[in-house]
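Going in written order, the chains are labelled A, B and C, and every chain counts its residues from 1.
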Amino acid sequence: MSREPIIRFDRVSKRFGDFTVLDNLDFQVQPNEKVTIIGPSGSGKSTVLRVLMTLEPINEGVVYVGGDPLWHEYRRNNELSPARGAHLRRMRERLGMVFQQFNLFPHMTVRRNLTEAPRRVLGLSRAEADERAHELLELVNLGNQADKYPGQLSGGQQQRVGVARALMMRPRIMLFDEPTSALDPELVGEVLKVIRQLADTHDLTMLMVTHEMHFARQISDRVCFFDQGRILEQGPPEEILSSPKEARTREFLHAVLNPDE
Amino acid sequence: MLFGYAWDTSGFWPFVISIMPILLIGLWVTLKATVIGFAIALVLGLLLAALKAAPTRLIAWPARAITEFIRDTPLLIQLFFLFYVLPDFGLTLPAFMTGALALGLQYSAYTSEVYRAGLEAVPRGQREAARALSMAPGRTFTHIILPQAIPRIIPALGNYLVSIMKDVPVLSVVTVLEMLNVARIIGDRTFNYLVPLTIVGILYLLLTLIAAWGIRWLDTHLPSHGVALK
Amino acid sequence: MDWQDYLAPLSQGAWVTIELTVYSTLLGALLSFVFGIGRDAHTRLLRWLSIGYIEIFRGTSLLVQLFWLYFALPVIGQAIGVNLQLAPVTAGVLALSLNIGAYGAEVVRGALKSVPRSQHEAAVALNFTPRQRLWRIDLPQAIPEMMPPFGNLAVQNLKDTALVSLISLGDLAFRAEQIRNFTQDSTTIYTMVLLMYFGMALVLTALMKLLEHRVGRWRTEN
């Protein structure tokens, strides 16, 4: 892994009041790498994604995306200063996000959920946007649902729309924030299948927070265990999920895999 | 000259100072009308709410229609109605009392809804739990339902108290000398409407700010789990 | 004279009442959006202007506002040498819309606040500009939320139009008072007038319900 990382957290700290969510975090992701973040709640795993999507500002450190600072921009003398809106907007083009609660726009049909941003933000024509939406809805097996409203779909279908909507913007990095946590158990499979398919067929960097350990094992190049705002342990999935070195990781995996105990 | 106070039009501040006592007398009338009107609204509203909750539709339906009718027609017309029509039926009230009655009538439609909504907001399970404990219906109401409804009802009623205060100037049409009417009389006589009307506006702002502060205080200090009645 | 003779003049007055209601409700709705959105704007000046407007017009009485515009404003005009004597209809529509607009602004603001934060985040993730977020994501979801309170405000506004009769505008309340002065037939006249206001309020409520259905169609489809 000698290539330039597409995501790099350089000693990043993030606090909510007295609570430190990210604690001097160093973290890198290579282009096209599929990384899964696991960890107990409050460990800062979702915050990593939210910082990347510019939903949460950071307190210290620098985040680089594609080599450029995310929350900063270079001014005179190559000094880093806080980014302005225009810089954030440019940087966001590289990222797409799938939310735990789908966050579809309830007042728009599925098609408009997909086409609205490409048309208004990227300036695509209606025909181009519709064409792209059609392809992506086929990809997530929802080709015949374009004219429905989100409220008329099942949770699994809504989340697949969520995936397609993020892909419409042609991001290089896809962030998945617990994409199946809000779903009934029988609907989890269809969403994971779509994400797996996506990982196989697209050149995408994928960063995912999930509790689906089996899925993490299948899809990831690397699993990172977060604890108290830092990476406690990371490595290939077989290694982390089967024979973790740290006691905290073992405890966590034991609790997740044996929820009834 | 009004209420024995003469105005001094020799300058801005002398004028302001000389009409202040007159306006404050008007303010006192405004506050009295507000309180009496509110008291009437509380009682009439309770009556309407009880009728609307009656088990027989023969009573509940007309009560609902009356509430709707009162709420959908202007205070001004209701006031004229009471003022000119009641004497035809042999009931002659002083203008001030007619005004307070009109305010109370208009706002009884609103307070009755406040009572209803407050009582309905108490979860059904509370009534069922009381029945499971074989509590008498009357006791259930006074000891279980009402104490939990009160924290919801009181702040809403407070808002209507403020609304009533802002509607008191309507009573000027039946010659009640409330604050705005007094200001207008001063304007009519001195040809300076700007100063008295602006002072009335400022006094109203102060009153509503104080009231808003009081309602917020009530809202945060009333225990949300309920007020136990002795 | 009996009640049928009152119908023609009262209908004339009712028509003026309807016109006043329509104009001031529309203008009031415009003010509601401008200041309701401005209330939480990023620009401090806009925010303060909105707070000032909302507090002043909600904090004082409509009749005070009407009299101020009609009687006090010309005094200012005299002082600065401009004729600010408004026609009764102008003062009436202005006072009614400014007053109802202040209440409406709070409705707009509350409805915008009720749009879930997650919608905002989805819009940021899709790189919408703040303006696009407002017009395409927040407002379309907030407007159905505003409709029931807007319906109440519209009826309130209809009732409030009666007050403009006090600056001699020939609305329904004014005509009623005129005829009563002439005939002393208070019971008949005021009963008729109450019923006419009630009828107009029912029609207005029905219209607002219709509008509510139209703007919230996506909600019933869900």
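We adopt the following convention: contacts are C-beta pairs under 8 Å (C-beta built on N, C-alpha and C of every residue); 3 or more make two chains touch, one makes a residue touch a chain.
This is a predicted model, so every value here is computed, not measured.
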item: Shortest chain-hopping distance from chain A out to chain B; value: 2
item: Pair sharing more residue contacts (C-beta pairs) when A-C is set against B-C; value: B-C
item: Chain at the geometric heart of the assembly (C-alpha centres); value: C
item: Most widely separated chain from chain C, with each centre as the mean of CA atoms; value: A
item: Distance from chain B to chain A - Cα centre to Cα centre, in angstrom; value: 55
item: Approximate Å spacing (C-alpha centroids) for the pair chain A, chain C; value: 46
item: Distance from the mean Cα position of chain C to that of chain B, given in whole angstrom; value: 21
item: Chain B, residues touching no fewer than two other chains; value: none
item: Parts of chain C lying in touch with chain A, wherever the complex brings them together; value: 118-119, 121-122, 124-129, 132, 136-137, 140-141, 218-219, 221-222
item: Footprint of chain C on chain B - complex, ascending; value: 69, 71-78, 80-81, 84-85, 88, 165-170, 172-173, 180, 183-184, 187, 192-194, 197-198, 200-201, 204-205, 208-209
item: Complex interface listing, chain A residues touching chain C; value: 53-55, 89, 92-93, 95-97, 99, 101, 103-108, 116-117, 120-121, 149-152, 165-166, 169
item: Of all residues in chain C, those that touch chain B in their complex; value: 55-56, 58-65, 67-68, 71-72, 74-76, 155, 159-163, 165-166, 173, 176-177, 180, 186-187, 190-191, 193-194, 197-198, 201-202, 205
